[in-house]
């Protein structure tokens, strides 16, 4: 029924690390929620079901908990229904998870021959006999990555995560997406093991595109939680790049590099869990105080909410992959693993990997821009609304939650070797070679890359030296005992007000303009001109909306198609009210004729004859003449 | 034993002629009696010959009868407060019970029969008696639909009989007069001299049954009927009458499996997919509860048939049981939901306060979510096992990719239905205006019975029983 | 002799398809049932099967005399529309009917290779089933639809009598019982309609 | 070890000089009376003695960010490739870390810009974010291909390797990487054509806009940071792309190194005199060139091996 190997346990640890701070936060947040019973019931079931998924030992249990997880998270999104958007988001989320579930179901059914209470390991034998393993691989991709939020199945994330209460967003984004990745890893390793090279490339490409798309849409977002949700897409992309590299190296029998890349991916899974949970908690605290998700209405919160601001800053540095944070370390590892592609002789790979490097680097740059925006606009400057002015620090429990999560982030930064040793053990249990000794040949100070000519990073030394130098500088400043005077910000002689600050829209302006081909943004500009002067106006309003490309091209159109088909089906079905006898007549004709043709002496001639007869008969008897 | 089984029905029949004011309560409680003999039937050794070779109780049909009788009780309970939701005369009430008694007798015959002829007679009896139940509603629509039902039902039933005679004709040369006996026929199916004749017969029987269950192309007629009639009738239709049909399908297809499995599978597979295709899109467009639920009933029947022919006996039976409990429960709750503010989905679940109200909306939500196979609904497990059986069949066929594609299509179609139900559920719970609504104890108890039935299905002992069939 | 009556059966059914008056339709139905009854008697005597003889007699009493009579009285009581115009154009019908016959013979052709006798009867029964369906669908009114349904019943009796040399007695009686029940229900349904019409007035 | 520390000290001392040198060279080229090349030191000492004015709209970020802008750059100074053969160098830091440290400094600089609630600060941060987002991929790709050619990702080791073994067989990709890196040098340090460090016109300024509200010691720190950044980039460029003169004896090697730095500064100055500042939305064209060259460099190395 249940399975407790290293892979499972690592994810159990991930879930626990993600949920324990969240519990504190959640109880602090509870006063904000109206339907407490509903919330608590689903909240705990949700956590429990995630634990169930990662420890499930057979397909039946796995699918059961998987669906319970979807069900409860869906209900959690519906905890606070304030507008139609939430309802829409919840529906969209649920149908998307169901979409994934369909593929998972198919995968499991094929891989178990229908005995879904079979142990995972036994599935490998069945899969080996299945003639189309790539089909199974794509089922896994569709099934798990749609839940994890990789492009192009990411569309639900920016809707679902903002709609949920903040502790739940933190859990969904921080933990649930990782549970999906657990499933992906589990079945790739345990069931579909020898991977063709192409699979790895597919994952690499999906990862690269996800990371870019995620960060680009995040930049154009003004809803803080949607922004964070888009960043989850980006980070899932980064994880998948690592994962894809691992798969590629494994197919090329570069065992050490493969393990290294996988470790990078798993490390980033943990990192993303920690800082994304922390960010969502911070966003939740801000939302709790200001009652709005729009960052244009924040501003200056660092003064009233110092703790939130500090933890948010910590997480921002980490998610922007700036040294010496844990986010930097995992991204560094992923870059290093790509550097290992030096010895590969495959030309298509040689073209795919630079692209991935480019995507990852671009993502890094844009992520910094995005978090400067998110942090700067919401926490710095002047209050942009009355709500922001009246904000104050959140209650003790919520603070505890954030501090605990910040400690998790710190621990990932400080105890990197410990975590990596753990991932290393896990990969050994998954029949990979160990790289721990190669990564830390001379103690825990330096982390080496296993790639040929790879680099070295020393997180602790880096941290210590940065802290040391900064403290030294601060100390020197104190020693100098500089006279300090407080005055207004210079505003060209005008008074500096909330309105003179740069807005989030303005901040992202240059980037938005550069990527306009992707955004296809829809601008609304309105100004009250004075005396018909172009440049003089009393009041101006500027709004810009980004068109979600994937949503319109993939989802809206498929809904349109369903609508169209259902319209015709509906029209056809209504013939039965008046022509039921004719319907049955034709049905009988069709069934008997087909029995005669297909099950007794088939020939094309009679088949054509049948078709003609059926068409005539349906036309004459059912549809009839136009009046 | 057979007397015991029929006795409750006869009592109801007799009581329905008494013109007392209290009689309708008495009738409701009399209908509780139908459960007792079925429980007794469980205890008997199987197969148990009730009436020579004509009526034989085995594990399969006892299960189905048991499920049906629980459904019957639930419906009878809900009937107690029918007049609180709709206008119904005392006379109509008694008539309803009179025909319910006949219906039940027909049902016992068709479910327990081991003879195609008896099966058909029981089915016809049950069908004809329901015609009149539809008419308890005095609206014009109900009248029209009763006629519709009469005619279409009659055609379907005649087709079944026609097919039965063909099958009989095909088997008579080897079995003589006993060719109508299901068990014997099953045992000698391989010896049938003209399998083609048998298959033609089987095709006609299945077409009849499929029409009766609302498969392609007659998808809307059941929905229309259930829309027009009172909700307990709809509950009976979907909960019990369809069980009688599907049990026949089980038996016939079992024989057909022996004759030529590939033909049977291809036929049912294509037919079911066509059905679900149409039904999925119809569901996507429905705007009221009754049609929604009855179309989803069609979908589930198609799935059950599919699971059965794919060899997923356990899945089919579990799905059947779950469906038999869920659908009547939903129809009954529809009656409550629609009693105020007809046809309004938005906000239908809101405004139920107090202990009763909370329990009501909670149960209805559970049923709604269970019917789209969300765990821990039994349907979740049955679909898993059922699709598993299908995949298994697909793997042994020569058209693996085509079959997988078809199964995938099926799952996509089910997702469309899923989408609609989620949409409906959310709109019921979170949209629309909220105002005070009322629910009565008897309905709640009925719903509780169905909920308990569902829980009962998931008990390990039930599952082992089902696996043993 | 048997073939002759089968021919008559089919002929009466086909003629019924072109009928435009309700009473004449009932007459054709009665005649159709009569041929069926005679067939049963004939085959019954040939096989020396008492059950078959009983069937024949009951068929003649109920179907050839009873049901047409009841239907006629219903129609007078409830004021049926007696003018029944087939919906399907005659041009189509004259093409359809032979086509159906050809199709059913084609359908039953494999059966001839499997069992020697009676296979043609199967074909004819199936075609009469189709013809009855045709009868149902070419009319909008309820009365000819009922007649169509009854002819369907006849065609399957034809199958039962000719192709299988009779069904078990119990089953046949059961079928008759159901038929009567159907008539009762139909009566009830009409009654309702009548009552409602009165109420509406 | 002594050489190591000496180099760092020399470079640190040199930092303000280089920027002043560019400035006076430019003035000279434009037939203006050049300012002293020691103007940088004068500014620094003057700023140190001034009082600090902090805007009342600011927060803790303004108090601490200047230190955090400078400290990653100071830390980076310790990780640069050696100037003299045999000198100590830090082997445990690679190019990614250095890119990361520079980004960290920029990150706090951008926050600093947003903290003062002035329109200029936001404007500067926004533009800086835009430019550095585009610089990042070019930087990483360049670092990637250079380290592959050098055979080591560690910056120190790479410098040593390149000096010992000039990658003649990979001249094409080496050249591409060099061009790309030089553009990055211009972009990251806010030189013309990307940014004009001498103007305070709101239409054009990027770096200056962010620090508009700083005075006194804070301004001194930020100015130091920008000069240190220039030195870092220049010395990286010099050690990685002009790896000669390394093998000479210590004083000579250092002298050659400094000469090379001044060479770079001269090129920058000459370029600045001869080009106009680009419009902000034309900047991506230039950075696009950098990205393309970096990409080309990597691809040529990867696929063609040239």
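A few remarks follow.
Going by the order they are written in, the chains are A, B, C and D; count residues from 1 in each one.
By definition in this document, a contact is a pair of C-beta atoms (placed from the backbone, for glycine too) under 8 Å apart; a residue touches a chain by one contact, two chains touch by 3 or more.
Here the structure is a predicted model, which means the values were calculated and not measured.
Looking at chain A and chain D, not one chain touches each of them. Farthest chain from chain B (centres taken as the mean of C-alpha atoms): D. When the interfaces A-C and B-C are ranked by C-beta pairs in contact, the top one is B-C. Per-chain CA centroids place chain C at a distance of 100 Å from chain D. Chain A and chain C have Cα centroids separated by 67 Å.
One finds 30 Å separating the Cα centroids of chain B and chain C.
Averaged Cα coordinates give chain B a centre that lies 78 Å from the centre of chain D. The set of chain D residues that touch two or more partner chains is empty.
Residue positions of chain A touching 2 or more other chains, listed in rising order: 581, 584, 588, 592, 600. Residue positions 107, 110, 126, 129, 133, 136, 145 of chain C each touch two or more of the other chains.
Taken as a graph of touching chains, this assembly fits none of the simple shapes: it is neither a line, a ring, a star nor a complete graph.
Contacting chain pairs (ordered by label): A-B, A-C, A-D, B-C. Within the complex formed with chain C, the residues of chain A that make contact are 579, 581-582, 584-585, 588-589, 592-593, 596, 600-601, 613, 620-621. Those residues of chain A that touch chain D in the shared complex are 300, 302-303, 306, 317, 320-323, 328, 332, 335-336, 338-339, 342, 347, 350-351, 353-354, 357-358, 360-362, 364-366, 368-369, 371-373, 375-377, 379-382, 445-446, 449, 451, 453-458, 461-462, 465-466, 469-470, 473-474, 477, 480, 482-491, 496, 498, 500-503, 506-511, 513-514.
Those residues of chain D whose C-beta lies close enough to touch chain A in the complex are 48, 51-61, 64, 67-68, 70-72, 74-75, 78, 91-97, 100-101, 103-104, 106-107, 110-111, 113-119, 121-123, 125-127, 129-130, 132-137, 139-141, 144, 147-148, 150-154, 212-213, 216-217, 221, 280-281, 284, 291, 295, 298-299, 302-303.
Those residues of chain C lying in contact with chain B across their complex are 107, 110-111, 114-115, 118, 122, 125-126, 129, 133, 136, 142, 145-146, 149, 152-153, 155-156, 159-160, 163-165, 167-168, 170-171, 174-175, 177-178, 181-182, 185-186, 188-189, 192-193, 196.
The touching residues of chain C, when paired with chain A in their complex, are 88, 92, 96, 99, 103, 106-107, 110, 126, 129-130, 133-134, 136-137, 145, 148.
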